[in-house]
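As structure tokens, the structure follows; a few thoughts come after it.
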Amino acid sequence: MDKILDKKVINYGEAIYEAITQEMARDENIFVYGLGVDDPKGHYGTTKDLHKKYGKLRSFDTPLSEDAMTGIGIGAALAGLRPIYVHQRMDFLLLCMNQIVNMASKIRYISSGEHSVPLVIRAAIGRSWGQGAQHSQALQSFFMHIPGLKVIAPTTPHDVKGGLIASIRDNNPVIFIEHRMLYKNAGYVPSDTYEIKFGKGRVLREGNDITIVGVSHSVEDSLRAADLLKGVGVNAEVIDPISLSPIDNEIIRDSVNKTKKLLVVDNGWMKCGFSAEIIADVATNCESILCQRLGFPETPCPTTPSLEKHFYPNPQNIAKKANEMCGGDSEWNPPEVVQHEIVSFKGPF
Amino acid sequence: MNNLFDIKKAYYLFLLIRRSEEKIIELYNTDKIKSPVHLSIGQEAIAVGVSLALSESDIIFSNYRGHAHFIAREANLDKMWAELYGKSRGTARGKGGSMHLNDYEKNFIPTSAIVSTAVPEAVGYAFALKYKKQEGTVVCYHGDGATDEGVFWESLNFASLHSLPIIFICENNKYAIYSHQNTRSLNNPIVDRAKAFGVSSIRISGNKTKNFFDATSDCIKQIKKKSQPFLLECMTTRWRDHVGITIPELSKAEFEEIENAKNNDDLVELEKQLPEDDVLIINKKVTTEIENAINFAESSNFPEESELYDNVLA
Amino acid sequence: MDKILDKKVINYGEAIYEAITQEMARDENIFVYGLGVDDPKGHYGTTKDLHKKYGKLRSFDTPLSEDAMTGIGIGAALAGLRPIYVHQRMDFLLLCMNQIVNMASKIRYISSGEHSVPLVIRAAIGRSWGQGAQHSQALQSFFMHIPGLKVIAPTTPHDVKGGLIASIRDNNPVIFIEHRMLYKNAGYVPSDTYEIKFGKGRVLREGNDITIVGVSHSVEDSLRAADLLKGVGVNAEVIDPISLSPIDNEIIRDSVNKTKKLLVVDNGWMKCGFSAEIIADVATNCESILCQRLGFPETPCPTTPSLEKHFYPNPQNIAKKANEMCGGDSEWNPPEVVQHEIVSFKGPF
Amino acid sequence: MNNLFDIKKAYYLFLLIRRSEEKIIELYNTDKIKSPVHLSIGQEAIAVGVSLALSESDIIFSNYRGHAHFIAREANLDKMWAELYGKSRGTARGKGGSMHLNDYEKNFIPTSAIVSTAVPEAVGYAFALKYKKQEGTVVCYHGDGATDEGVFWESLNFASLHSLPIIFICENNKYAIYSHQNTRSLNNPIVDRAKAFGVSSIRISGNKTKNFFDATSDCIKQIKKKSQPFLLECMTTRWRDHVGITIPELSKAEFEEIENAKNNDDLVELEKQLPEDDVLIINKKVTTEIENAINFAESSNFPEESELYDNVLA
């Protein structure tokens, strides 16, 4: 799996694996731990058999003690190691908030820069197959809120590899947000190691009529919505901020100054969420921009498919909202778009 | 509280759990059940033994692996199946799935899918019973993995400090997903830890319904005399994967353990102790009840879009 | 302390005490617990001697086990009790996030409304006397983000009494936010019990030139800023939303539709914070409003007074920013205003 | 590692702590120190005894009640005082205060003001030492109240599971603020709990520097032979209020306990064992060092506004 070619098409999960294994080969201070990292499934293959390759000290399973295990990562980082702590679901980070917010984000500050905490916390957002109230939360805004943390949520295989390498090499605590509907997405990925920059977003598709900003999996749906919009003559510009903290406000401001319209498609609840922040920045820094947002409705996530489909924004309602903002026909009903990563997903979890 | 072990009832409940979960396995590949299922097959004896020792006024806290606890409590099977199907006649009107079963009438509290997270709730409920001078004991099912969480020990400390009427039922199947107990703690029996936290504890080996029943009955008897917490570490074996319907990828030794457990299946032992007629009648009853429950689920509607915002706030 | 007169001037801390003791007398299912609630200081007097008055079962100290103690409150609430859990600092809620977010906010939902969780969690925001990085955080946005929770942050003695009574009687989990610089503030408070409504804000001062929205202690400073602005001919309208979730967006929208200018003075970090939410709502629902925000800079809170004074927004810089937004002289330096509750505060904590 | 108890040094460090904190008391009402101070007066013997047993390569984790640990480690007293004053030459350039002392050169890790929160960090550091095959033992000071937190037990479990080189120094002053241990747990000694979590533990009564020294030396010796965690439950008495400089409002019995402790002040005992000349010299040295430190603090500037954003991110 380690053969280095110049480039190849691999999927998001494989790109994560590649980032980790290449970095572990480079720096023996890097270790990977978390529930099930060494189990036969290896967290969607992203940590599979690392313990066989690098030894049990460098990739190990843990007791279910998320709170302490976070502190243990911080302590190891203080001692010069570079831990990567893996979580099967972002919801489990709720057990780690004290360590992340009260400790990881503040140790550098209270030691006037003498210590730093190069800890990467990987966490996957759940969706589908009845994840429901406690396995589907997308809590990026919690971490964006806290100074002293970096937050990144790459969408493509390219960015997830470069983003993870950048996170591992960064000397700050990084919350690295994955999405389980992205693991199978394939794309071109350089075989060598490379970093993508924190604080740099990407225009994934250019357009003059409206700016659509997604985050994590909702970037995918925003791109699909842009296709739908094309069909009614609306050219949407789609932006993936990739890095959420620091965030590339400039790329969004530049775009909305051109399109004069901003639709933020959140991948979480909206109140005090990612979308609130993007809109607040634009509202305070740009003039006369029509702003709207879509995101999770103000309810926990239902398990039944009949309601789950109304819980998440989808390509059609993104397109519909954007079209309305552009003065299009409010009666327009965009055609169904297949979200292959979602319909093809079978449990059991 | 019951002192007499009712073999017939035990067999019936055990069978109802086993056959229900086998039915889930049978149906799972149809994708009708779009919910993570954590099967109890192999572990049923605990739920059955414990439940038979309880009274109506007792309170049940369980977890994502809750089918057995739910069924053994004689909670509403129809609603459970409807919930697995995501239908609006389910225990959570389709919004909770297998990991969040509940039955208000049976004092079966909505379960949590976050490990150990309902343990302090169970203690809080026991506190309320004492506060209100209300009859009843709280039963809190949890796994061995749950004892890895700090909140578990905080909860035990509070339960012993306030002498609360609660029985922690530790279903020790030795695994948290694929992680064996030995990889999670150093040879320190859960019962010893619990004792150090002021909770009387015993380990029950053998995975036999009757033993779990006896131990639970005994705890309840003592709690009635004097409010206090207990922990029963119930040794057992899970035959299937942690989640889903597959067989776990384990080492040879571990496979043998499962084979061994299968050869000591208490369902078979219970059956042996019953007259053939009873066995036939019970089997028929179980088949019918499951069929009815599945029909109930199949014939129920999915919730409407209008229900999306229901029950978020009171 | 219990003599009932029609009205009287008492302070914020006394108003909290009064709400609790009156409610405890009314309903024996109410109990109060938390670290130090029965100690000689009784949490700024708000819980003082309740254990003597109502017995040790109804007001008790706890082990330092915030995570379990939250769950225990939830469990007691499920059994029909009405617990009030008291925290000396809001920062300690970071130990309780799993219980609050994964459990309290979702149990009603996953039981299709059969269960509810009438739990009040009181938490004080710290400030002054070197509270620093871990004792000064104002994390309201975390709770505003989560459906299934109510959040309230009253500013006046009147509202804190009515708000607490409303919270106690509410059948949902309520995060009740206090501020330790407010406990000594005095005001007119009815002696009887009364509730203030969730989701209803208050215009504390009317004006046509600009809308200033504060939250918790920053409402005080906003009022002081309005005084300063008066001196340069600017009439500011100051709004206290009181209830943060649900929030009275209407009262803010109505005001900004009149003034066309909105300055949100946050009492916490701004990214994905309270101010982001207020501005995002206005930006998506009102037209052509000039929006700005002030709040904590993106850093942990320093302990030294020389930097702490630059950490918090203050009446002068609020007034200055508002004046600029109204086209006033950007060179204006408002006179110093004494924040008596802050300068008079002596430690030791 | 040191095997010989150096009374002179012990007396010096003890006195330096005692006089420093007395100076804080003296100055506190001037409001020059605008920082919550958690005094160690009465508890100094632990910090002194433990520190004397350590080597340079050992690592110290402490907490908000950290003056004694900091001074006993011979960390930078000038910087500590500057930090109390909020000055830019302080240990955190004035941004941390008394609750967040640190000294990089002395391996004195920045302390936390959230109870028990640095305990897993200490374990993680010990893990790193083992990982890197680096010499050294981690010492983790914490209070009795810290053991109420679940994370404490999660941390001990991990330390024993991985046989890490760490000594948990439990400063048991019996109180968490005003809460006596009896109101927080049911008569379950901390050492028993720690043992159940696989950590060898002993309780040390009497509050004597030498005893703490001996016990720590012994642990270090054993750790050098075989990496493993220890817990020392060090019984002690805090003479002042939890925070600030006042005398606690306690019951009569509790007052008597404090009076008793004062009559057994190990500072006095140590002094008795030294020649008068040494005592004089040490007293002078201590006075000078504290005076110098206060001058250092007084003459230092407050940080400038431009420093507001410094050191948030690397």
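By letter and in written order, the chains are A, B, C and D; residue numbering begins at 1 in each of them.
Keep in mind that, in the parts below, a residue touches a chain if its C-beta (ideal position, glycine included) is under 8 Å from a C-beta of that chain, and two chains touch if they have at least 3 such contacts.
Small disclaimer: the values here were computed from a predicted structure and weren't measured.
Student: If you take the mean of the Cα atoms for each chain, which one ends up farthest from subunit D?
Tutor: Taking each chain's C-alpha mean as its centre, the farthest from subunit D is B.
Student: Using CA atom averages as chain centres, what separation in Å is found between subunit C and subunit D?
Tutor: Distance between chain centres: 36 Å.
Student: Please compute the C-alpha centroid of subunit B, do the same for subunit D, then give the distance between them in whole Å.
Tutor: So the centroids are 46 Å from each other.
Student: Between subunit A and subunit D, tell me the centre distance in angstrom, where each centre is the average of that chain's C-alpha atoms.
Tutor: 41
Student: Hey, what residues on subunit D touch two or more of the other chains?
Tutor: Correct list: 92, 95-96, 100, 112, 114, 148-151, 154, 157, 161, 184-185, 312.
Student: Counting only residues that touch at least 2 other chains, which ones in subunit A make the list?
Tutor: Where subunit A meets two or more other chains at a single residue, that happens at 62-63, 65, 67-68, 91, 94-95, 98, 102, 109-110, 132-134, 147-148, 297-300.
Student: Could you tell me which shape the graph of touching chains takes: line, ring, star, complete or other?
Tutor: Looks like everything touches everything, fully connected.
Student: Where on subunit B does subunit A make contact in their complex?
Tutor: Touching subunit A from subunit B are residues 28, 31, 34-37, 86-87, 90, 92, 94-100, 112-116, 145-146, 148-150, 176-179, 183-185, 241, 243-246, 249, 302-305, 307-309, 312.
Student: If we count contacts the way the header does, which residues on subunit D are in touch with subunit B in the complex?
Tutor: Against subunit B, subunit D makes touches at 148-154, 157, 160-161, 184-188, 192-193, 195-198.
Student: Can you tell me which positions in subunit D touch subunit A when the two form their complex?
Tutor: Result: residues 59, 91-93, 95-96, 100, 102, 104, 109-110, 112, 114, 117-129, 131-132, 150-151, 154-155, 157-158, 161, 310-314 of subunit D touch subunit A.
Student: Please output the residues of subunit A touching subunit C within their complex, sorted ascending.
Tutor: 67, 91, 94-95, 97-98, 101-102, 105-106, 109-110, 132-134, 137, 139, 141-142, 144-148, 245, 269-277, 279-280, 282-284, 288-289, 291-293, 297-300
Student: Write out the stretch or stretches of subunit C touching subunit B in their complex.
Tutor: Spelled out, the residues of subunit C in touch with subunit B are 29, 31, 57, 62-63, 65, 67-81, 83, 98-99, 102-103, 107-116, 118, 147-148, 150, 170-172.
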